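Chain lettering (A, B, C and D) follows the sequence in which the chains are written, and residue indices restart at 1 in each chain.
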Amino acid sequence: MHSFKNDYSEGAHPRILQTLLETNLEQAEGYGEDQFSQQAAELIKAGLCSSDVDIHFLPGGTHTNLIAISAFLRPHEAAIAAGSGHIQVHETGAIEATGHKILSINTSDGKLNPESIKKVLAQHTDEHMVKPRLVYISNSTELGTVYTQSELIELSSFCRDNKLIFYMDGARLGSALCSAGNDVALSDLPTLLDAFYIGGTKNGALLGEALVICSDFLKEDFRYHIKQKGGLLAKGRLMGIQFIELFRDDLYFQLARHANEMAALIRSEIKNAGFDFLVDSPSNQIFPILPQRMIKELQKKYSFQIWAMVDEDHSAVRLVTSWATQKETVDDFIQDFQKLINMNDI
Amino acid sequence: MHSFKNDYSEGAHPRILQTLLETNLEQAEGYGEDQFSQQAAELIKAGLCSSDVDIHFLPGGTHTNLIAISAFLRPHEAAIAAGSGHIQVHETGAIEATGHKILSINTSDGKLNPESIKKVLAQHTDEHMVKPRLVYISNSTELGTVYTQSELIELSSFCRDNKLIFYMDGARLGSALCSAGNDVALSDLPTLLDAFYIGGTKNGALLGEALVICSDFLKEDFRYHIKQKGGLLAKGRLMGIQFIELFRDDLYFQLARHANEMAALIRSEIKNAGFDFLVDSPSNQIFPILPQRMIKELQKKYSFQIWAMVDEDHSAVRLVTSWATQKETVDDFIQDFQKLINMNDI
Amino acid sequence: MHSFKNDYSEGAHPRILQTLLETNLEQAEGYGEDQFSQQAAELIKAGLCSSDVDIHFLPGGTHTNLIAISAFLRPHEAAIAAGSGHIQVHETGAIEATGHKILSINTSDGKLNPESIKKVLAQHTDEHMVKPRLVYISNSTELGTVYTQSELIELSSFCRDNKLIFYMDGARLGSALCSAGNDVALSDLPTLLDAFYIGGTKNGALLGEALVICSDFLKEDFRYHIKQKGGLLAKGRLMGIQFIELFRDDLYFQLARHANEMAALIRSEIKNAGFDFLVDSPSNQIFPILPQRMIKELQKKYSFQIWAMVDEDHSAVRLVTSWATQKETVDDFIQDFQKLINMNDI
Amino acid sequence: MHSFKNDYSEGAHPRILQTLLETNLEQAEGYGEDQFSQQAAELIKAGLCSSDVDIHFLPGGTHTNLIAISAFLRPHEAAIAAGSGHIQVHETGAIEATGHKILSINTSDGKLNPESIKKVLAQHTDEHMVKPRLVYISNSTELGTVYTQSELIELSSFCRDNKLIFYMDGARLGSALCSAGNDVALSDLPTLLDAFYIGGTKNGALLGEALVICSDFLKEDFRYHIKQKGGLLAKGRLMGIQFIELFRDDLYFQLARHANEMAALIRSEIKNAGFDFLVDSPSNQIFPILPQRMIKELQKKYSFQIWAMVDEDHSAVRLVTSWATQKETVDDFIQDFQKLINMNDI
């Protein structure tokens, strides 16, 4: 049984474990003030071509979102997110638990644009309603879709004009930036966004996300918020060491490219066989719409998430590849898929 | 320069890293539902001689405290803690950030007892004040002191009689249970406490605390709270694997014993030299009161925390040993200490 | 200029002020433990034909909603409400500020039903999402619509079957229960709902809502929550005295009937003139769709809220009557309306 | 039975009720945007000799404290208060429920000074602890004591130097400013404080406190916070009308002076009889230490709070007078007191 359920089914890239071993008995300061975290921050700043950002390493994605958003907003301010946004659907009300409403926008592809945000702003006019203040996007989105540079520029300029904080959840940023057709560079991000994070957990790390705070007015006292919300790991070195490995050369992007390539192989096979997709996603998550009977057959050897029933006979499934997905596994899957197609009754 | 600042200056016990390597490419379920976490939970239950507790692995101590306490209390209920308690002093208001007041009790040794709690209860009589509902202790305490079995039994029975939830922060539980004079067994705890955690971070793990919920009425829906507060790691395996290693044999206690032994060597040396201690602590944290000039000299080769100024010429310092503290380092420290004593002017 | 903007433009019914004067210098206990509040609670219990409910008087509607809902829910639990629900739109995120997500259901008439709630439940299946736990309805709704007895019975039974707390915002309960076609009696409510409030502010009081807690499991320690959220007025007598007046005879319903009658006169006039309504509402709020030019003319003598643009030439407006709306004012409005209709160009 | 339990046992000053009656049927805007609230704000500004403050009318004291403090602080920031401070003891954790820790300072007279605050600042040095950010004082204090002008100037300058927000709870401000020896004028306050409130409830109003925000950086969006916390009364006129009456002439201070005079009569009688006081308070709350047997006798005709047991035979009681306390009642009390003194056995 092989799992295409997510991109965190395995441990870490072996190079990461190796470096953990090598540095294991070096003493280091606690709580992220260690030499490793500092070096990792420098490497990321180099990758961003930006020296005046603040970098904080945080254990997980939901945790990063809730710490950042609750630190950035005053009590009456709200976040705007797609209806499919991770903070809106899959974080057990983590943002609301810090006191903030999420204003949700329905989308078909998980992406926001100025037009849809404008409508939300128009509906929030006085103190009887929350004050929209932060725009949350994810890239790639929860539907595997990716923002183009011009889309980000438009959103960024709209946010600036409307005094909205522009925040990006980059749990799968590696895959987004390596996806076919992407024209956004990592170094574009600090000029476009007020804050964002570079996801490690879903791209080869054991755990860890690198939050990048670009705008000065969001930087003050940020470590207090991390500590208060339980995110200041005593052995912060654990995240520092991992991000050193991911960013001291091209490893972060190599891993993402590999995940994308594995997804592309499956995608083109399914596409060629004439099947539709729930959404056209160029990253490491794909959502083919398959016959129920084929799904049942595939489930005998592969585990994956059934995303949504499309009609009585078809469902969209979610297949996720990762840095650890092996070419052989993909080949097997494709073979099995072809066999099922060739069978008369599917 | 060697650090006695804390017990999390190094990485993890090598056996842990080794097992991380060996299991690295096995696929596992996300979010703590993996085979490793399940096995680790079983091993801990065996160690507790209790099968009807719930075990949850959480990334860090502050995080565990805030998730547990906020899950256990209704909005108007408060926690009672020693004035030196970690939740009262060193968690940046994490408990209050979830909405709950901490009622603080001054102590000299960091330990609570029924008498002092009774006074707090007597002062909280109606709805104009918070309702005391949870008693927070730590074992060992922030001052390195340790509860005896009879003290825990008294507290436990007092809590039961007064409908108080009895919760123990076990960040340094290993050291407490291995300390000289300790008469509490790990398997005593489920009958004494409503919930407690077994600290991994400060006893050889990279990160991770095992929260044990003993009382049924606290168990329901607990995973929702973990997720909402950002504590549900995608690769929960990381904590499961570590706790397997710590609890599949006696490793957890071996590491704690070693830390205690290293502290004992330093303690007896300083004691024999005629110095006092801020508090008499039998665990891996000691608080000798030393002359300022000696402190200055020691700081040239060792880093440690200056805990409190005692008088103009003396301060109490905190020396912490760990599973990773080497006998050679302790010997060096003792030699350096003796040299300073033999110098005329200290 | 006369205002049809809301039902709280005037002070209180004169009888209320009279009794405030007469009792003014009698001493009373503070914080709602006074003789007046106790008598008012007894009168309301009599009206409810129920002696085992708890009654609490609270200053305002948003305040009542936030105190009740935050007291009733555990941290990971969410409220379900119509997209037009007061807690969802017009309380500045008050519920979220206490930590709870609102799951919003789109409706055309502001009313919930088991079918729509069932869909929400189906989407919330595990600990990565909030746990739906409370169903919030308002009666009359924010669109002036009213629940029938059979609708409430269905909802009530659905909630019970699904362990959902059933809560009703009765800011305009008087108007609902006196509206044409209503078949719900005040005394039906304790058997249908877990908790609800009887609105005073919008039906003749200076301020004050009477929260009725029907289900035992929601009653414990409720006064703590009132105090913690700032709702325990030192001079609780102020609310007690008012509710005595409203409930010592039929005054509460007299006032509501009057408001409804005044709305009915305007409604039938507009209907007869051939205009549509945004929604068919039998209570004291009506939402006629009028030509923009007519609206402009009416605004010269009357103030009211423009609710929504329907097309370029028409908007729905909201006209609200109250216990204080005088028949003469309504007659004037109708005359002015007829004049505008008779003019050629509207 | 006459109550000296508090200063809110009666209704409102008759002139207030009279004006409520007279204005009752005038229509007004909702939510504090009415003509009455605006006029009241202007009158208060005149009394403050300050035109650039923001004035908000809020229903009660706890509510005002929680709305103001939670609006003023960022999540990691804490308030400093006396151990006897209302927010620390008697608000059911209202401040913590908004997420903020209170750092408590023990005092004998309920008053803070720079020295004691300095110690708190010295203990809060990094992100592992909350950041002290707001100094809460009450004037008069919960012990009836009063700040002098020089004390306020010192505190104000200390706060400014240390970037602390200086906030005053003025629930009994009238009594403080009219107390013997007071040298603070109402018009001094805007230059000394960042924000404070002028208490209405305890000085002749039915309900209502006037929050004065002096410092510009605290003003923005404040009405959002009021609404979110349930404090925006639909009929805000109720508070506006009352404060017009209190401030259109000297009524506010007349009422306070009367309360103080009544307390002074009792105080001097008890003092002359040779009894001590828990604290020397010049305002409308006095805390004589009386023999238990005398207390028992007095309780037959008067109700009051037993504040603290001083020794086995004596307790301090709290006697509170108000605008409504009649000279005759005080005379009766004094006579009864004298009788008890003349009895052999007390």
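FYI, a residue touches a chain if its C-beta (ideal position, glycine included) is under 8 Å from a C-beta of that chain, and two chains touch if they have at least 3 such contacts.
These numbers were taken from a predicted model, which means no experiment stands behind them.
Under the contact definition, chain B and chain C share the contacting chains A, D. Taking each chain's centre as the mean of its CA atoms, D is the chain most distant from chain A.
Centres computed as Cα averages put chain C at a distance of 34 Å from chain D.
Here the CA centre of chain B is 43 Å from the CA centre of chain D. Residues of chain A in contact with at least two other chains: 75-76, 91-93, 97-99, 127-128, 130, 224, 227-228, 232. By the touch criterion stated above, chain C contacts chain B in their complex at residues 31, 70-71, 74-76, 98-99, 127-128, 130-131, 221, 223-228, 232.
Interface of chain C with chain D (complex): residues 2-3, 5-6, 8-12, 14, 17, 20-21, 23-30, 59-67, 91-94, 97, 201-202, 206-207, 224, 227-235, 237-238, 324.
Contact residues on chain C toward chain A in their complex (touch as defined above): 75-76, 78, 89-93, 96-102, 104, 127-130.
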